[in-house]
Amino acid sequence: MKFNRNLKSFLILLAVLIVFYAAGPQFYSNGAFFETLAVFMILSLSFNLIYGFTGYLPFGYAAFFAIGAYGFGIGIIRNFGLVQSILMGGLFSLALGLIFSPMLKLRGAYFAIANLAAFEGVYYIISNQSLASITRGPYGISTSSVYNFQQTYWVSIGVLIFVVILTYLFRISNFGLALKAIRDDPLVASLSGINVGLYRSIAWLTSALFAGFSGAMFGWFLSFFYPESVFSINYSLFAIVFTIFGGAGTLIGPILGTGFLYTIYYSVGLFYPLYFTLIFGVLVILLILFLPEGLKKIISKYLKWEML
Amino acid sequence: MLKINDLVCGYGNLNIIKGISFELGANEIKVLLSLNGGGKTTLLKCLSGLIPTKGGKITLEGKDISNSSPRERVKAGMLYIPEWGIFPSLTIRENLILASSATRQRGNSDISSTLEYFPDLKNRLSEKAASLSGGQRKILMLAMAVASGSKLLLLDEPSSGLSPAYVDRVLDTVKMLKEKGMTFLIAEQNTSFSEISDELILVELGNIASRGKYEELRKNDEIKRKFFSL
Amino acid sequence: MDALILYALFVGIIIGLYYAMMAVGLNLVFGVLKIINLAHGDFIMLAAYLAFWLYFLFGISPLLSLLVVVPVFFLVGVLLYYTMVKGLLKKKDIETTSIVAFFGLSIAIESAAALGFGNSYRSLPLNFLPLTYVDFLGFSLSVVLLFVAAISIIVLFLLFYYLNRTKGGLSVRAMMSDEETARAFGLNVNRIYATTIGLGIAVTAVAGVFSPYLLGAIYPSEGGLITIIAFSVIIIGSLGNPAATVIGGLVYGVIINIMDIYSPGWGNAVTFIILVIIILIRPNGLVGGRVREI
Amino acid sequence: MLVTKGIWKNFGKLSALKDVNIEFKEKGIIAIIGPNGAGKTTLVNVITGALREDSGKINLDGKEINRLPPHARIRMGISRTFQIPRPFSNLTVLENIRIGSLFSGNSNKREIEEDTERIMKLLGIKSIEGKQAGKLNTEERRLVDLGRALASRPKYIFIDEMGAGLAEGEVISLSKLIKKIQIEEEMSLIYVGHVMKLVKELESPVAVFSEGSPIFQGSFEEVISNDEIIKLYLGDRYAKN
């Protein structure tokens, strides 16, 4: 019964997403907006897999996004082919996730800061002059040889749908239930027979993989980027704020949060380019002070509906 | 000394204490007993001001303190001690100094008179309170209460987690402090405390189910079954 | 030992003292309030700007500007408590919500600073001291560095004197130890919290004034990196234990200085990697005990 | 049979467990009592794998389990409850119990559902199955914690200080529940705690711990008639009686 209701919500959501992305550009011809929106939806949903389901708050999450873009870019400049390069974006990020995984034994602030420091470390490696032969160092990477907006757009939507399905599976499965239990109390979860380390790692690596894909999509779309254009803490912030605003640990929350806030961010950026970061910063403070559990709470309180 | 009228309190929109009234005379010991852990701690915290009062009135020595801050209540001479109410990372001396300055504006934080009642703390003054065992911590709590100069103590489970030998030491200390003139409201299931109480207040689902002397209440069959099962 | 290593160690310790002062406020605030001030570095930046403008407009030397900077930032901290932090402390997951809120604050401060001060790099003069360089082991050592180290020692001493030897400090440590008990004993929670943040940010502001000499030129977006460094320093010491921050600062100072001397190109990368490794091996810092696993 | 051989566990200078050799039979109830700091809870932590011992062996049916992580020990039938109950507060009562069963090595879906149902009925929490555990009262939390531990079909279940803070009447019904559980679920049940009333009601053998090791085993009557134990544990006042 509950299962069927979830399935119904899920199918409606999928349909809405597809219609939105197919029809959207017909009404508002700025394709870049829809493309970046899709990229950030993938990023938020990936972030949600780790934060929403396990409670880990990786501040350096943008490292996965950035390394995804670099994996893609390096593939392209080495002429590995488009599909291979996209996969490389994901795999680079997955590899970074593996390297970072010892951090999972840390909790709370320790984890957040270790992650942030690791993010900086990766940035300084990638942007290092002496690695310019591989990463182009500080000079940036051009992927313009494969630039094709329509293609980028539809592949991005494809990845988005994939991560939506994945999140749905997280949400309804026993695996997801175990993650929720781990989030509540890892010791008791372990004493209930849950392999805490393994389950966390799976969530972490899946999250890293898809953040990598979102970065690859972004790198593809940008067609030229410097280390600073992808290694920005702002992308961590996007993922965190969009997810929390919508409702962490749900499927619809990050989608709704990204859709809503990124649209605001984008419009403020269009009309008040000087003030948009300032306004966004203030918005974040107000959000966390007055709406810490996001739309999830409002919806369950006023509409009496538990968000999928 | 303490008068409680139709007190209502709880968290958010959940009322845990739903209208309780009783009085506590000077130099009395009253013990709160509740079923399902239901509401003793909430009641004590509410009296101490840590949880805001939602309804009713609390009067301390004729003064309405229903809306006073915890600080004002401590200064008025009523001190709530949580189940593990010490500062583990401070030394024993610092714990006592802090307690003694709680009620006073400034100056006098002489703890030597307090230590006369608690000789075994004397040699360990510079140790961290965290190094004390569970039972010794409870004793330190009582020493802090004495140092604070409070007249009325609200104790939350002073014997919880203690082995019977230590329960006795805590009990003896409470008796000694009563002789010194202190007044007690104690939330405690251990019957040793009920035995020394002037009155027992049985709380069920946020209301007073019954009250009276321990020996009297034990005679009532239903109470016996529910609260004592003797 | 050859002179270069000795020199590197010595200068490392000198700047380590500065790092300790730069980070200790963050640790104090975390220890007492359990909140994570991700805008910490932005307060350094703001204080640096204040000192810069005081010098640029009125010719006030950095040392004298402390008379303005310290009280102003103390008040900023108090204000921050009553406008934002007090609300945060009522939330369910204080740690996460505070991280996010301060992240927002950090962004807001950075962009406001960029709007107000422009994006150009600013710096303070070296010649506010009569002597600028001395000879040390055959290297020329900036006297300003020694001067800042002395200031750091004084500030740290005053802070620890306050915490360990005064009644006010005792209440702060009591709050750090057990908040509920502190409330039960009638400690004035709001005042202690506000004072703590005020103090933490005032100390940070002193570090901000002298930041151009150690952290480089002032610019609006410098805060983020400084925050990470400050966090690294306190984690190397021990999170929540302000006294351990001194150890953290010294260790960090020595590492960064040796890296700078021997491998300038890779300095930043290696430093951050070492940091991550230290956090992983000793999450509770070099001073703290073991963190419980799982 | 669950056997510990020469278990040592130190915290800094303090030895919480000193050469603990103790056997738990496959069925029945045993109570472990002892003063604060005697090492009772540390022993539970070590046996369930939440803490790693410094030295010594833990044997389950002849198999060494020292190196196994907690989640593997659950699958071998070792389960526990907590002194301060720790249900998963964001999950419902039903989900809490199901988790206990889901990850205990049983992959038969129907049996998992049956176990969950049976245990909720046994503990009388079926009526609140949809409630979020975070919103339960203390008593319900205790039962959910117990239910989660039971749902794994344990062979050995450690019940840590369950009666603390209960009125005497409640202690009696708790002891009845514990006995009923032991009979219906057929397991070895180890009660660890201070509540003497409960220990008495259990009518089980009692092991007394002191300063990190078991010093006595016998019936409740033997324990309370042994002057040394009474002095150590109950205090001088009782010894005179």
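Labels A, B, C and D are assigned to the chains in the order they are written; within every chain, residues are numbered from 1.
We adopt the following convention: contacts are C-beta pairs under 8 Å (C-beta built on N, C-alpha and C of every residue); 3 or more make two chains touch, one makes a residue touch a chain.
Because the structure is predicted, anything quoted here is derived from the model rather than measured.
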Shortest walk length in steps over touching chains, chain A through to chain D: 1
Longest centre-to-centre distance from chain B, chain (CA-based): A
Which two chains share the largest set of C-beta contact pairs: A-C
Chain A and chain C: spacing of chain centres that average the CA atoms, whole Å: 31
Chain B-chain C separation of Cα centroids, rounded to whole Å: 42
Inter-centroid spacing, chain B versus chain A (mean Cα positions, whole Å): 51
Inter-centroid spacing, chain D versus chain C (mean Cα positions, whole Å): 47
Multi-partner residues of chain C (at least 2 other chains): 294
Residues of chain D touching at least two other chains: 50, 70
Junction residues of chain B, two or more chains touched: none
Every chain pair in contact, whichever chains are involved: A-C, A-D, B-C, B-D
List of chain C residues in touch with chain B within their complex: 167, 170-171, 173-174, 176-178, 180-188
Chain C-facing residues of chain B, complex: 48, 50, 70-75, 79-82, 84-90, 94, 97-99, 101-103, 109, 144, 148
Residue numbers on chain D that touch chain A, as the complex places them: 48-50, 69-71, 74-75, 79-80, 82, 86-91, 95, 98-100, 102-105, 148, 152
For the chain C and chain A complex, residues of the former touching the latter: 30, 36, 84, 87-88, 91-93, 95-97, 99-101, 103-112, 115, 224-225, 228, 231-232, 235, 239, 265-266, 268-269, 272-273, 275-276, 279-280, 283, 291, 293-294
Contact set on chain A toward chain C in their complex: 57, 59, 102-103, 105-110, 112-114, 116-118, 120-121, 124-125, 128-130, 186-187, 190, 196, 233-234, 237, 240-241, 244, 274-275, 277-278, 280-285, 287-289, 292
